[in-house]
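Please read through the structure below; I'll follow up with questions.
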Amino acid sequence: MQVIVDLCVVPLGVGVSVSEHVTACQHEIEASGLQHQMHAYGTNIEGPWDEVMAVVKRCHERVHEMGAPRITTTLKLGTRTDRHQSMQDKVDSVRQRMQQT
Amino acid sequence: MQVIVDLCVVPLGVGVSVSEHVTACQHEIEASGLQHQMHAYGTNIEGPWDEVMAVVKRCHERVHEMGAPRITTTLKLGTRTDRHQSMQDKVDSVRQRMQQT
Amino acid sequence: MQVIVDLCVVPLGVGVSVSEHVTACQHEIEASGLQHQMHAYGTNIEGPWDEVMAVVKRCHERVHEMGAPRITTTLKLGTRTDRHQSMQDKVDSVRQRMQQT
Amino acid sequence: MQVIVDLCVVPLGVGVSVSEHVTACQHEIEASGLQHQMHAYGTNIEGPWDEVMAVVKRCHERVHEMGAPRITTTLKLGTRTDRHQSMQDKVDSVRQRMQQT
């Protein structure tokens, strides 16, 4: 089962700036070798369910190891069985329609 | 690593009513033996990370098996290393404060 | 347009405990007179779109006034035009199905 | 109060493909003149709170007008009072750190 997720990890108890912890998560995501794309409020990742979820877990572990006592994460997860659709396909589909309408 | 999640599974392509699919997810959650509490826009589940995530995966698998070609899920995940806090602790903490303020 | 939302307000830069700020939000929600139900990872609120959104805004304003320099909120919003459905209807619908299956 | 949101509107009861409805939302967002950036699982929008929320409402109204009887939306909202930070600032901050670590 392939999944596209949108991951937003928020450490609590580390002050107002969270970019150090978000950067550590990005390193974990890059190390996974999975397709991913960062945006201003999270990161999209696509791949096999177990691999993607393993990265999400490593992000929590890593951010705790960095000293954050608490984390709240928002994760959107999309799966479909009717056909394969990549992150790029989703964006292209809307961009193409926008030019037509 | 213990986690408290808020899980909201939304099947697409099955019409406007999704309660049949949500009910199937509730059965999966109950079968897991994990502490859980349904509310009007999702279900809170607490337990060890891997067990909770296994239930989330089974929900997706089950809903696809029921014929839904596409699923979009929103999941909030909370972990903390400073102390144990159950779902009930979180609600009690706010309710107690509300009476004092 | 009626809406049912699930609101989870998370203050950053105020330390690891957020229950004081969550309690302040609950007071704002109660003061609105809107139907609401707190759970372990947020609060469901139902009512007319503009009224519900006004409460969400007041929560952000109040939490900033309390000294939180940064807030990240997760909000689910459900609307439907086919029929009226309350928060209680949603929970009842699933609970009833669970007894039948 | 400035806000950066991540908006993901999901119509139910319209079949498995939702790109037509997502495209309509993109047109509403473009018409608002607000800074925005689409990604594979939503669209980031930044601007004054009331203007951004007005667009979110118009998206729901538009998608219902197109015939969707039900919508479930996931919205992340970030506000901060300590300093101004644009969507681009957030991405740049992490990208810059990634090169250093």
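Going in written order, the chains are labelled A, B, C and D, and every chain counts its residues from 1.
Throughout what follows, a contact is a pair of C-beta atoms (placed from the backbone, for glycine too) under 8 Å apart; a residue touches a chain by one contact, two chains touch by 3 or more.
To keep track of the chains, here are their UniProt names: A, B, C, D = Thiamine-binding protein domain-containing protein.
No experiment lies behind these values; they were computed from the predicted model shown.
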Return the chains common to the contact lists of subunit A and subunit C. B, D
Top of the farthest list for subunit B, CA-centroid basis, is D
Chain-centre distance (mean CA atoms) for subunit A and subunit D, in whole Å, is 17
Subunit A and subunit B: spacing of chain centres that average the CA atoms, whole Å: 19
Which residues of subunit A are in contact with two or more other chains? 8, 13, 16, 69-70, 72, 74, 76, 78, 80, 82
Show me the residue ranges of subunit B that touch subunit D in the complex, using the header's touch definition. 8, 10, 12-13, 15-16, 18, 69-70, 72, 74
In the complex of these two chains, what residues of subunit C are touching subunit D? 1, 3, 13, 49, 53, 56-57, 60-61, 64, 69-82
In their shared complex, subunit D is touched by residues of subunit A numbered 4-6, 8, 16, 19-20, 22-24, 26-27, 37-42, 44, 46, 74, 76, 78, 80, 82, 87-88, 90-91, 93-95, 97-98, 101
